[in-house]
Amino acid sequence: MTTMLQPGQMPAEAGGPTVTRIGVIGTGVMGADHARLLTEAVSGARVGGVFDVDGGRARGVAAASGGARVFADPYALIVDDGIDAVLIASSDATHEDYVLACVAAGKPVLCEKPLAPTVEACARIVEAEIEHGSRLITVGFMRRFDPGYTGMRALLTAGEIGAPLLMHNVHRNPAAVPGLPGSALITNSAVHELDIVRWLFGEEIVEVAVHTPRPSGQAGGTQDPQLLVLTTESGVLADVEIFANARYGYEVRCELVGETGTVTVDAPPPTSLRRGGLHARALPGDWRPRFAEAYRLELQDWIDGAAGGASAWDGFAATFVAHACVAALTSGDRHAVELPPVPALYRR
Amino acid sequence: MTTMLQPGQMPAEAGGPTVTRIGVIGTGVMGADHARLLTEAVSGARVGGVFDVDGGRARGVAAASGGARVFADPYALIVDDGIDAVLIASSDATHEDYVLACVAAGKPVLCEKPLAPTVEACARIVEAEIEHGSRLITVGFMRRFDPGYTGMRALLTAGEIGAPLLMHNVHRNPAAVPGLPGSALITNSAVHELDIVRWLFGEEIVEVAVHTPRPSGQAGGTQDPQLLVLTTESGVLADVEIFANARYGYEVRCELVGETGTVTVDAPPPTSLRRGGLHARALPGDWRPRFAEAYRLELQDWIDGAAGGASAWDGFAATFVAHACVAALTSGDRHAVELPPVPALYRR
Amino acid sequence: MTTMLQPGQMPAEAGGPTVTRIGVIGTGVMGADHARLLTEAVSGARVGGVFDVDGGRARGVAAASGGARVFADPYALIVDDGIDAVLIASSDATHEDYVLACVAAGKPVLCEKPLAPTVEACARIVEAEIEHGSRLITVGFMRRFDPGYTGMRALLTAGEIGAPLLMHNVHRNPAAVPGLPGSALITNSAVHELDIVRWLFGEEIVEVAVHTPRPSGQAGGTQDPQLLVLTTESGVLADVEIFANARYGYEVRCELVGETGTVTVDAPPPTSLRRGGLHARALPGDWRPRFAEAYRLELQDWIDGAAGGASAWDGFAATFVAHACVAALTSGDRHAVELPPVPALYRR
Amino acid sequence: MTTMLQPGQMPAEAGGPTVTRIGVIGTGVMGADHARLLTEAVSGARVGGVFDVDGGRARGVAAASGGARVFADPYALIVDDGIDAVLIASSDATHEDYVLACVAAGKPVLCEKPLAPTVEACARIVEAEIEHGSRLITVGFMRRFDPGYTGMRALLTAGEIGAPLLMHNVHRNPAAVPGLPGSALITNSAVHELDIVRWLFGEEIVEVAVHTPRPSGQAGGTQDPQLLVLTTESGVLADVEIFANARYGYEVRCELVGETGTVTVDAPPPTSLRRGGLHARALPGDWRPRFAEAYRLELQDWIDGAAGGASAWDGFAATFVAHACVAALTSGDRHAVELPPVPALYRR
C-alpha cells in the first residue's frame, strides 16, 4: 500500500446516493449563506444552479458551491431538468413571480420570508398552490427550527409552565437604513414574532395594537422602536419590542409566562470573558450567528421532506397580521384581525 | 402540471456528486450516533457498511442509515472497494487491530478515543502510519471542534487575556460502573482534558500530579473524584477535576486564566425555566447533547479532509500522559512526563 | 483584670449619643419587619413605642424591640413626648388619619405605600402638609433604595445607554387573595412601578393603557395578569407586567432600553445549586428577601434625615396615576393623565 | 404646631439606650471603613475614640464619626473608661501588642486578620486569653458573614448536596505591590480561604501542597499566581487559586462539590449592561464592594455580642496553616499540618 493521501484528499465514489439539486435564486447575504450551508453542512443536497441579477455575485457563489451552473434567467433555472427544487432569496418584490413559476413547474420551493410583501400577492400564491392540489411551498421562518424556540415549545407542551398567558418578546437589530418607514419594522422584522406566536400557540392572532415611544435619535426619522401587543384566539397576550437601531448588537429574546411558571429563550454563547472590570458575553453583530443552527436545521428539514417548515398559508397569515399591525400603528387603536378560514390543503 | 408531491417526497437525482462511503465498525451508543450524523447531518458522506459483534445491532443501524451493507467480518469491511474510509467506535481493546488494518489498506480512519489503551499499542500504530508514509489516522477528540473550546482558543490567540497562566477544568459524569479502577477515570475521561491542554497551548505536558479526596460513597469503591494537576512546557498549570459519579448530571466547564483576563467555557442551554421557587437551566444526562455540535463538526471536518482533528501522534501523546497520571495517582508524587520527540510526519 | 465577659455581654454605656425614638403603628408582617430593622440594623434609632389593633401582636413586637412601650391608642403614641417620629404600617384605609395626626403633631412620619387608597385622601394629606409649611412625610416606596434600581439610575445618568426610550417591567407575586378586584393589582402592586418610572426619569406619566390576557385559572376570578403601558412626558414608553398569582415565586425585574444600550435589573442570589439535572438559583417566596437591603437603606436614610425617600406629593402622584390605570383597565382605552402642577413645597 | 423641620433635622432624644463606644486603632482604608459602618450602618454602636500613627488621618475619621475623641497613645485609648471595646485595623505587626493590651484591660477586641503575622505571636495571644479566662478576642474573617458563604453552608448543612468532597476556590486581586514575596499571597490573601475551609467543614486542615505556574509578567517578580491544595481531616480536598495581579478586577468565587450536587458562590451585581457588542456585569476594583455586606454584618454581630465571628484560636489556626503552606511553596512537597489540640476555652 503506497497510497499517499494528503489532508483534503478524502476518497469518495462518483455516483453515490440520490442528492437533491437546489436552484438558488438570489445570492445576496442570505442566498449565499443558504448556498454555503447546502454545500457544506446539509446531508443529501447540493447547489445545482444559481441565478442573481448581479451575474458576478452569482458566479462567485456557484464557484464556492462546487461548480454549480450559473443561469442568466431565473425562469430557465426553475424549469431546468437539472434542478429538483428551488430556494428563493431574492428581493421581496420578486418572490411572487418566482414562487408561482415554481408551482407551475411542480417544483418544491423554499421562499425566504416574507412570502410576498402584500396580502393580495400572498393570497394569489395560496390560490395557485390550492389549484395545483398539493403543497410545494415552504416559507423561511427559520425560528421554528431554533433550539431555543423548539425547547420552549417542548416545555410548554409538556405542561411545565401550565397554560400560557403572556409572552414578552424583544427583537433588536443594531442598525437599519435611515428613513425606513415605520411599517417596515413590522413587515420585515416583527413578522418573525407574528409567525412564532401563531406556531407556538397553534392558534391565530385576533387583535393587535401598537404603542410607540418617541423615536430614537439614531433612527434617522423612522418610528423606531415600537411595541406591538398581540392577542390570540384563546386570549394569550404577546408583546413585541421591535427596535431596528438598537446599536449595541443583535439580540432576540423572549419569555413565555404560564399559569405556574415561565420559560425564557435567549442564546448565551459558550464563552464568557473577564477583562477590564467586566464579566461579559459577546452579542452578535447580526442575525446570522444567532440563527445559524436554525438555518441549518431548516434546510436539512426541507431537504429531508420532513415538512416542519412554515406553509404558504403561514406566510399569508403572517403578512395578513403584519398589515393589521401597520394599520394599528397608523391609527393608534386596537385592530381586530379577521383571517379567512384555513383552506383544506393547510388543515392538519 | 399534475405532480402530487407529498411531504417526504423531495425529488432528487440519482448519481449526484461524489459522496464518501464510510464503514462503521462498532454500532453501540457512540457508533450508532456517528452513523446517524453521517446519514442525516453531514454533507458529502453516507454510511456504506456496518460491522458490530452484535449482528442485530449492526442490522438496525444499517437500516437506519439508508440501507448500508452489513459486514460479518470487520476486516472484510475495511478492505471492501465500496468503503472509502472507516470509522471505529468499537471497544477500546479492538482499536489497534482495526486501525492497523486501515493503514494497511491505505484507508482514512477516524478512531474514537482513546487511540489504544496502552502506550505500546499507540506507539505501534504511530510506527505503522510513519511506515505508510502519509497521515491516514484521525483520533476522535471531538472537543477540538466544540464551539466553546474553539471560541476560547480564538480569544487566547487574539490576545484578549494575555499570556496563559492557569486553567481550571471540571469534568463530571452522573454515574460510572461500580468498581471501576481509579485509573479508568484518567484514561477514559480525563484523557479529553489532556488532549485539550496540548491542543490549546500547542505544547506538551511535562509534569503531572494527582490529588485525591476521600472517595464518594456513591462511587462503589472507585477513587472518585480526583484532581489532576498538569504543568506544560512553558509553565502553564492546569488542574482537572474528574468526577465519574457526580450524580446531578453531565457537565464540562473550564476557565483559562491569562495575565490580563480569563475566558470561561460552559454551555448554557438556550432555555431557562422558572418554576417551583427556582430559576433553572437544565443539565444534560450524558455527554452527547453537550457535544452534539462538536461531533457533527468533527465528522464534517473529517469528510471534508480538512485535517482539523487529532492525529495518531496526539492519540499517542494523550495516552502517554494519561499513564503518567495513573502512575502519579498510585505514588502520590509529582511525575515528570518525558514524551519522545515528535516524528517528522506530525510536525507542522 | 478578672472580668468574665461572656458572648452576648458586650459592654456599653448608658446615655450615649442621640437616638431617634420611633413609634410604630401597625405591627403586621411589614411593621414587625420595620421594627426589627430599626432595632437590629439601623444606626441612631430605636423603637420607642408600638401600637396595633391586635394588642398581643403589639406586645410581641415591643418585646422583640428591646422593651418598647405599648400604646393602646395610636393618637396617644403620635403625640407622646417619648416618640420622636412615627412609622405607619397599618392597613391602607387608616393611613390618612394617622398621617394627618403626625402632621398636626409636627412629627416626621414614614408611611408605608400607598399614602392613601384614594386620590382625594392623598390630596388632603398634601394640603395638610402644605398648610404645615414644611415636609414631614415620607412614603415607603423602598425600591428607590434598592441597589438594582439605584444602579440602573446611575448608569442612565452617566450616559451609559444614551437617552431612554423603553422600559420593560415584570412584577410577580406567587399568590393573592382569591376574588381580589383587578384594580387592586394596580393600586397595591403596580403602584411601585408607577413610582419608579416617575423617579427614574424625573418626569410625569401622561398616558396609560392596560391590556389583559385571559385571566389565570389560578387567580380565583381576578383579572390577573395585566399589562400596563405607560407613556411619560418626554415619550418614554414603559410596560409593566403585573401578575399576582404567578405561583412559582416572587420576582421583580426590569430592562431599560436607551438609544445605545440597555440596563437590566434583576437580583441573582449569591449561591447557585446544581442538583437533579438542574443548575438553579432560588427565587424568594415573597418580597421581603428581594428588598431587604432596600428597606434597611430606606430606614437608615429616613433616620439620617437624608430625605432620599418619596414625598407626600410622590405618594399623591402614584395614587393619581394608579387610578387612571384602573380607569383604563375598565374602559380598554388609552387614558390621558392630567396631574395638577407640583406645589412649591415639593419642587426641587 | 409651627415646627419647621427640614430634611436632615430628624429629632432625637439625648441619652438613649445603651450604645457601645468603640475605640478604633488604625484608620487607613480598612479602619476608616469600619468607623464609617459603626457610625452609619450599625445599630447600638458609635465610634468613641480613634488612634492612628498619622494624626491627621485619625482626626479626619474622628470628625466623620460624629466627633469621636482622638487619642495620641493607643494604649491610653485601650484603657480609657470612655471606650467599651476596641477595633484594631493597624498594620499587622502591631496587632499582637494591641490585642494583648485589650486582654489585659478586659475589653472585647475585634482584630483585623491576620491575628498576628507569626505562629508564635498568635500562640502568645491565645495563651493570654486562656490566662484571662474568658473570650474577648474576635478575628476579622468577615467572609463568615458573607451571604454567599453563609448560604453555601446552609445548603451543605441542609444536605442539599450530600457529603462534601471537593472545593474549588478562586481569589483574585487586580494588582499587588511589585516585589512582594510569594509567601505574602498566602499569609495575606489565601488566609481567608484557609479560615473559610475550617469554618465551612468544621474541621482542621491536615495536609497542604502548593503548585506554581510560571509567574505572571505583570507580577514584578512575585510568584503569582499559586494553586494551594488543602486536605481536611475527613478527606475533603480544597484547591485555592490565589492571584494577586489578575489585572481585570477583584473576584472571589468558589464551588463546593458534594456527593449529589454542588453549590457555587459568586456575587453577580443586580445590574447588567448591554452595550458595544457585550452583555456585561461589572466586577469591583477591590474587595470592599464585594464584602460590604459581610463587613456590616460582622460588625453588627460583634456589637450584638452574638459571637458569630472567628476566635483567637481560629486566628492562630489560620496563621498556622498559612505557614505550612509557605513551607510547601518553598519545598514543592506535600506538608502535613499538625495543629495542637484545641484548648478548652475554644471548644464548642
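Here the chain labels run A, B, C and D in written order, and each chain numbers its own residues starting at 1.
We adopt the following convention: contacts are C-beta pairs under 8 Å (C-beta built on N, C-alpha and C of every residue); 3 or more make two chains touch, one makes a residue touch a chain.
As the structure is a computational prediction, the values presented were derived from the model and not from experiment.
J.: Give the chain pair, either C-D or A-C, that is connected by more C-beta contacts.
T.: Most C-beta pairs in contact, of the two: C-D.
J.: Let me spell it out: compute each chain's centre from its C-alpha atoms, then which one is farthest from chain D's centre?
T.: Most distant chain from chain D: A.
J.: At what distance in angstrom does the C-alpha mean of chain D lie from that of chain A?
T.: The separation of the two C-alpha centroids amounts to 56 Å.
J.: Could you give the separation in Å between the centres of chain C and chain D, each centre being the mean of its C-alpha atoms?
T.: Those two chain centres are 34 Å apart.
J.: Express in whole angstrom the distance between the two chain centres, defined as the mean CA positions of chain A and chain C.
T.: Chain centroid spacing, chain A to chain C, equals 45 Å.
J.: What residues in chain C touch two or more of the other chains?
T.: Residues 248, 260-262, 274-276.
J.: Chain D touches which residues of chain C in the complex?
T.: 1-21, 38-46, 66, 82, 84-85, 104-108, 132-136, 146-148, 151-152, 155, 160-161, 260-276, 293, 300, 302-307
J.: Under the stated contact criterion, what part of chain A meets chain D in this complex?
T.: Contacts found on chain A: 248-249, 251, 274-283, 285.
J.: In their shared complex, at which residues does chain D touch chain B?
T.: Within the complex, chain D touches chain B at residues 162-163, 165-166, 168, 170, 209, 211-214, 216-218, 225, 227, 229, 231, 234-237, 239, 241, 243, 245-248, 255, 257, 259-262, 332, 334.
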